[in-house]
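Presented below is the structure to which this report refers.
For reference, chains read A, B and C in written order, and residue numbers begin at 1 within each chain.
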Amino acid sequence: MTATTLQAEKVAQRHHVRRISDKTIQTAFILPTMVLLILWNIFPLFYSLYLSFTEYSVIAGAPPKWIGFENYRNILSSPLIWKYFALTGRFALLSVGLQTIIGFAMAMIVRAKFRGSGFITTLILIPMMLSPVVVGKFWAMIYNPTFGPLNYLLGMPPPRGPDWLANPQFALWAVVLVDVWMWSPFVMLLCLSGLKAIPEYLYEAAAIDRASAWFQFWRITLPQVAPLLMIAILFRTIEAFKQFDVVMGLTGGGPGDATELVAVNLYRIAFLGRFDTGIASAFAYIVLIIIISISNLYIRYLNQLRGEA
Amino acid sequence: MSKKLHVLVVLALLVGLVGAFAQPAAAQQPVKELTILWAEWDPATYLAELMKDYEKEAGVKVTVKQEPWGSFLDVVSKEWAAKGTAFDLVVGDSQWLGQAASEGHYVELTDFLTETGLKDTVTEATLKYYAEYPTGSGRYWAFPTEGDANGMAYRKDLFEDPDEMAAFKEKYGYDLGVPKTWAELMDIAKFFTRPDENLYGVAIYTQKDYDAITMGFQNVMWGFGGEWADENNDPRGAINNEGAVQALEFYRELWTCCAPPGSSNIFFPEVNNYFISGQVAMGMNYFAFFPALANPATNPYAESTGYFAMPAGPTGERFAALGGQGMSINAYLPPERIEAAKGLIKWFGREDVQAKWAQLGGYTCNKKVLASPEFLEVAPFNAAFAESMEMVKDFWNVPVYAQLLEVAQRELHTYVVGGEGTAKETLDRIAEEHYKILSAAGLIKEATQ
Amino acid sequence: MAKFEEVGPRSPITESTRVDLVHPRARLGVTIRAIVAIVIVAIMLFPVIWLSLTTIKTRPDSVAVPPKFIPYFPDGFLSDWCMVPQLNKDGTPKLDKEGQPVLKERPICFDVTLEGIVGLFFERRTLTPAQMKQYMDDPNLDWADRILLKRGLLITGPGEFVNRFRNSLIIAGTSTVLAVTFGLLAAYAFSRWDISGKKDFLFFILSTRMLPPVVVTIPIFLMYRQLGIYDTHIGMILLYTVFNLSLSVWLLKGFLDEIPREYEEAALVDGYSRLQAFRKVVLPQAATGIAATTVFCLIFAWNEYAFSLMLTSDIARTAPPSIASTQGAGGFEWAIIATASMLFLIPVVVITFALRQHLLRGVTFGAIRQ
């Protein structure tokens, strides 16, 4: 067979395939995702929505009893819940804020190519690969003021060092620190991808113009990284509202209720012997509405950024 | 696109329906295997070992499935929710009884235990707390399997050191020894709290998760004259009476003065950790967790570790919080499996099997075995255990126990560890909230006057 | 056309041509960055190092006060430094009855033990000291028995870890492949075409990740029971796929948006079909995004805890629900937990390292961006 016939055949093949219209491809590409998401979400979502209007415990024999908005009323009128929401807001702000700053800073540092930079970057990713439950338990051990290594490394052997998890002032920070330790690498990796995508000529131009490093950062680096950074922030914020396993391992929501995040409290209501499924579902929907509103704001901003780019 | 969405929704519902009707029918055949669900800990391993004998004798293979303590109740509950048959028997916590019995998750064993005579083989306390619901009704839902209660471990090398004894006598005016009252325990705890030497008086339960701090506090509360409720089940004036308030102040003082740093959210594994690392002179724990302290391989102080039952409060009475479990049969099983499960319990209750159970390390509830000299001597803590089992009391075991527990956990932890409010305010709140929960559940009897 | 295939965008620009980067000052900057990066690695990895030290500690050593940092082997590695000869008051070495010098362990040192590593693979039960002596004399013990017997543990059978680890590999692996594949297709469609209701679709996809999982576990559990896929591999694979799709679609769309359409358009003009353009032009460019998404999806599926606990019992149970709560008699077996965690880390680390090139390459053809 000659090269020309091969070539011709290839072209023919291509033309054959090309007959699939873009419309079909669109549908075929989106369909699996949508089908899976709908199949897996429709029942749980509607079922728990229904349960949120009932008095019901999954472990009770009695069927759900319709009580209208009472669960919602009870939750929204409980001062404790608002305290937990405020706490969760603070946690999310501190934790996601620090993750963004630290993740971005780390990305800026490791973007430079030096020997072993790829290796080092990969090593930084390890904390987020650990199982959250194990992370909670081991950090509780690390924080322990007597047999934990942290206070020793900080030069505060017992009895001098603070009891991080027992002190209401430190406990939330201790939880934030673990979350930041675990998830800054996530932000870093996404920022790094964004950073590497910045065309070199932009910097070259800036260098020729003798633009300051500060100017380069604000005018070139940040805007170029922003889209991926915003996705990272979005996902971390959603996760912050769902954070409970690390907290359970570290403080169990204590001392008192210094670290009683919404998701921790929700877990306490939905499981841990109580199984107040009705109230838990209502609570979850309130959380969902709050996350949706926050995400919506984010996404609008995100789209705005995209529009400008 | 919205049309497509409709199609998908219909499709989803169809798939669900088809699935619902396509349940495979269970095949009928003689029961050759049984599954017991229990928490992941040594007694379950002992039980698995014991069940090898049952396979030899009866030809039924018994699997003991172990779930970690943290998720044990979740896993059991999900089966209840689905009326599932993933396990045939469950060795469940005493507090679950009310819920499981009144919601029909357990098979009633009253007739079975009476006919087989098994009812009379176990001690009264264990029958009352591990098997009976409602209390005093004479209806049974479980066979007492693993007895357990809170006790104390202490460092004999410290308590019996002549220098320490002399110093203690000089300071407090009486001899250092196993405390007979909570006041003495406080003195001893304060005496041994020496941050410079990394030594602290006592490790006590503080964990907020499930039931730890409530269990720890109860030990003290009953001895001080507090009760969860009066005889009409009314918590007001019982849980917030003077004795209970004093007891709570005592518990907080004990924690603030004498507990090791880092013990703001601890339960049995952590208490043992503190003990093993030589940081505490005394440690509160369930007897089931003392084998680790008696084992030189896990506890460097094993040879010099002693055990005692809870001391008395100002009322002169002593109480210990109850742990332990009874074995129940899953009510959603087909009849032939229920019969097979009963056969297993019948065998397990036999005296020789119970003796083997105790010998393996299980805490038998069998009267005769418990009283036998072999049992009292086989482990250093068994004497204190037998003593404790005479003075056990339990938290609520009514169907709403979990809600009651959640209130108690939250409030007690906030006061003891968080240091917010006063003991009186804390207990008043518990009394109020418990009253609401109990009256909503219709559990409060009309006052007799 | 042939030329396009040879030197197409598949070979990215890896060498910088920027003059400002070869300047000595810039070089110094790079050195400083390298040092800072190493410090960061040390801080980030400290807890992991602590975890790996714990794998070879006995239970008392893992909670010793003060904490122990330096492992040694008796009569071997570091033992000279760790075992300090005791001195008499006059400064001469203290000798025991047999004339051997009396040695004392430095508090910071600990004796290496394999009990955690061995213990992970077997079911075990605690023995009383009397029983322990009895078993010690048994000549049929193998090395694993001996290691655990020293700890007062008897091996009663094989452990569950290997099985659950395998389940984790199957479930997390397959679901990651599915989530990335489906996510990539959907992300491509959303990125390239103006589909009506696109924003709503995307938000719906995102919102599936927002409901706290605690609440959906029970409905999903009931659903799985009805469908007969409770405790099956396929059930877990599909669940994790769904669980990860939102992240996958959103991330990949973020990456695909960065790839200029001109490339595909050029390829289409060259006679490529849409699918071919997608495969031969877009995919190679999206390698970074695919690699990053794969790693993230894998991590989520690999460590997922709540669903695995509620939706499986034996057959398809993955490792996380049992790792964190391994308890022996009255306490956490820190060494076993640590060993399980470290072993469980290996596959993810290996895959991340394998994908490193793609992961860190970035989207490197920005030169033709508009």
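Here, a contact is a pair of C-beta atoms (placed from the backbone, for glycine too) under 8 Å apart; a residue touches a chain by one contact, two chains touch by 3 or more.
Because the structure is a prediction, the values reported are computed rather than measured.
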item	value
Touch-based graph of the chains, sorted into line, ring, star, complete or other	complete
More contacts between chains, A-C or A-B	A-C
Inter-chain centre distance, subunit A versus subunit B - centres from mean C-alpha coordinates, in Å	37
Approximate Å spacing (C-alpha centroids) for the pair subunit A, subunit C	17
Touching two or more other chains - residues of subunit C	63-65, 195, 201, 218, 222-223, 324-325, 332
Residues within subunit A bordering two or more other chains	34, 43, 58, 146-148, 158, 271
Subunit B, residues touching no fewer than two other chains	15-16, 74, 78, 81, 198, 273, 277, 279
Subunit C-touching residues of subunit B, taken from the complex the two chains share	1-2, 15-16, 19-20, 22-24, 40-42, 45-46, 48-49, 65, 68-71, 74-75, 78, 81-82, 84, 86, 198, 268-269, 272-274, 276-279, 285-286, 288-300, 361, 378-379
In the complex with subunit B, residue positions of subunit C that touch it	58-60, 63-65, 123-126, 128-129, 132, 150-153, 156, 195-197, 201, 218, 221-223, 225-228, 309-310, 313-314, 321-322, 324-332
Residue numbers on subunit B that touch subunit A, as the complex places them	5, 8-9, 11-12, 15-16, 73-74, 77-78, 80-81, 95, 99, 103-105, 195-196, 198, 207-211, 260-265, 273, 277, 279, 399, 401-403, 405-406, 410, 413-414, 417-420
List of subunit C residues in touch with subunit A within their complex	13, 16-20, 29-31, 33-34, 36-38, 40-41, 44-48, 50-51, 54, 63-67, 69, 182-183, 185-186, 188-190, 193, 195, 199, 201, 203-216, 218-220, 222-223, 238-239, 241-242, 245-247, 249-251, 254-255, 257-258, 271-276, 288-289, 292, 295-296, 299, 302-303, 305-306, 320, 323-325, 332, 334, 337-338, 341, 344-345, 348-349, 352-353, 356-357, 359-364, 366-367, 369
Interfacial residue positions of subunit A with respect to subunit B in the complex	34-35, 38-39, 42-43, 58-62, 140, 143-148, 158-159, 161, 163, 165-166, 168, 248, 251-258, 268, 271-276
